[in-house]
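This report refers to the structure that appears directly beneath it.
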């Protein structure tokens, strides 16, 4: 998903156990459930960058989804322990792009890969630049010399 | 739902088709999905009483759930056309109680019955009396002499 | 969404009222909810073609999602009456592609557009050709001479 | 929730972070989300007793919900780390009862308490006795002398 990630901490890896609520009658995770998992991954990327999404909203910064895509590679069974691995990148002054992949925790299986683009808007929904701290964290993820 | 409902318009009947998203791998509607259906029924009761819940919120009146109960009588299959029949009653100056039943549209099957209590709170979550118009509509549901 | 659809009945238009369950704390429909709406639209396309998805599954034909995409154009508010307009096309012997758009019922607003690809598999998850009746219905949607 | 639990291992404690998908526009977790959390708690009780629910189903044992109740004590905010504490008890030869409570991980807040009754049925939905190993584990939870 990430190409060269050596210097990157704009990433997260989250462990999730598939809930019964998330299955459908095909006996697998419903295709819509993956987008909630991607959201969990994105939130942890932000936390790793020093910003909780809850705090961003309290500060008047909102990140609604502008675009979402998922490619499903294999059925995810109920009760499976999955890892959601996510990486973020700036996609403009008011835009973030996240790439995620869903794999089995034991590593044997790749379930899905996704891409989600977030816009940055203010309380009234008007586009605004991402907070500078967040932009810098994404540009120099590991506190590299600035 | 309640025995003699002849004079009551604090009721609603909503038709819903069970979504694939709402099924689980037991091949029936997930038990949590019923609570979203009950919510749809409650909202239509309010609309029938002349108040949309969206407007209530815009006016600073919020109705969070204080208590919810459901008894499941039979499995609801995917793609089934169900009716959610709901009736409301005052349960105090800051409290509403709704009773719902879920039946198959063709009438042959009773799937579940539920009871949900809503509290009335203001924007900060403090208890407040229900708006007078709503209280009166619930007390004299059919525009009976007041 | 559809280009030239003049002769096509491999379409559906479904009216949905946005549920409170589908909102998030940004005060709009959650981005994952759209995929459940797209599913509702797909199911009605199949029904219009003479096949219920429930019957397909009973006959051993399953249509898991291979790929899903959504572009979000505007925030969908709670309680909004939306239309989901969907069109289907064959995308190979074992593949269906659906395009959907979400608009406000009063027509004033375009909320989202989506694209979902379904694979056709048997009970064990092995790829299989779509049932011939379904393929023909998609090729000659309006009962045109065959 | 549990009265005297001194000898009991028919319990679980699960940590869950509230997802954005689980919030509603009141800015709190939607009341229906709690039932998915209770389900997570129940599954971990079974795992602690030596039975995964996934294995039970593979063996032809299904545990649909017969009754569910939740009392909501305080609004659960987005991104909150909650604990779901669950205890199980036999409620007849074909019936299990679970009591759960939802608290903030830091212990300062009690959010909700729930009660869910499961029936035990076979593949066709006919009532059946709970597997003997599960019944014994629930009767003598800690491998006490039998």
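We just call them A, B, C and D in the order they show up, numbering each chain from 1.
Assume a residue touches a chain if its C-beta (ideal position, glycine included) is under 8 Å from a C-beta of that chain, and two chains touch if they have at least 3 such contacts.
All values derive from a computational prediction rather than experimental measurement.
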Fraction-based call for chain B against chain A, same above half, different below: same
Pair in B-D, B-C or A-D that repeats A-C, with over half of contact pairs matching by residue number: B-D
Centroid-based (C-alpha) most distant chain relative to chain C: D
Between B-D and C-D, the pair joined by more C-beta contacts: B-D
Whole-Å gap between the CA centroids of chain B and chain C: 29
Separation of mean Cα positions, chain D and chain C [Å, integer]: 35
Chain B-chain D separation of Cα centroids, rounded to whole Å: 26
Residues of chain A whose C-beta touches two or more other chains: 20-21, 25-26, 28, 32, 35-36, 39, 78
Residue numbers on chain A that touch chain D, as the complex places them: 17, 19-21, 35-36, 39-40, 43, 52-54, 77-79
Footprint of chain C on chain A - complex, ascending: 25-26, 28, 31-33, 35-36, 39, 57, 62, 64-72, 75, 125
For the chain D and chain C complex, residues of the former touching the latter: 20-21, 23-28, 30, 32, 78
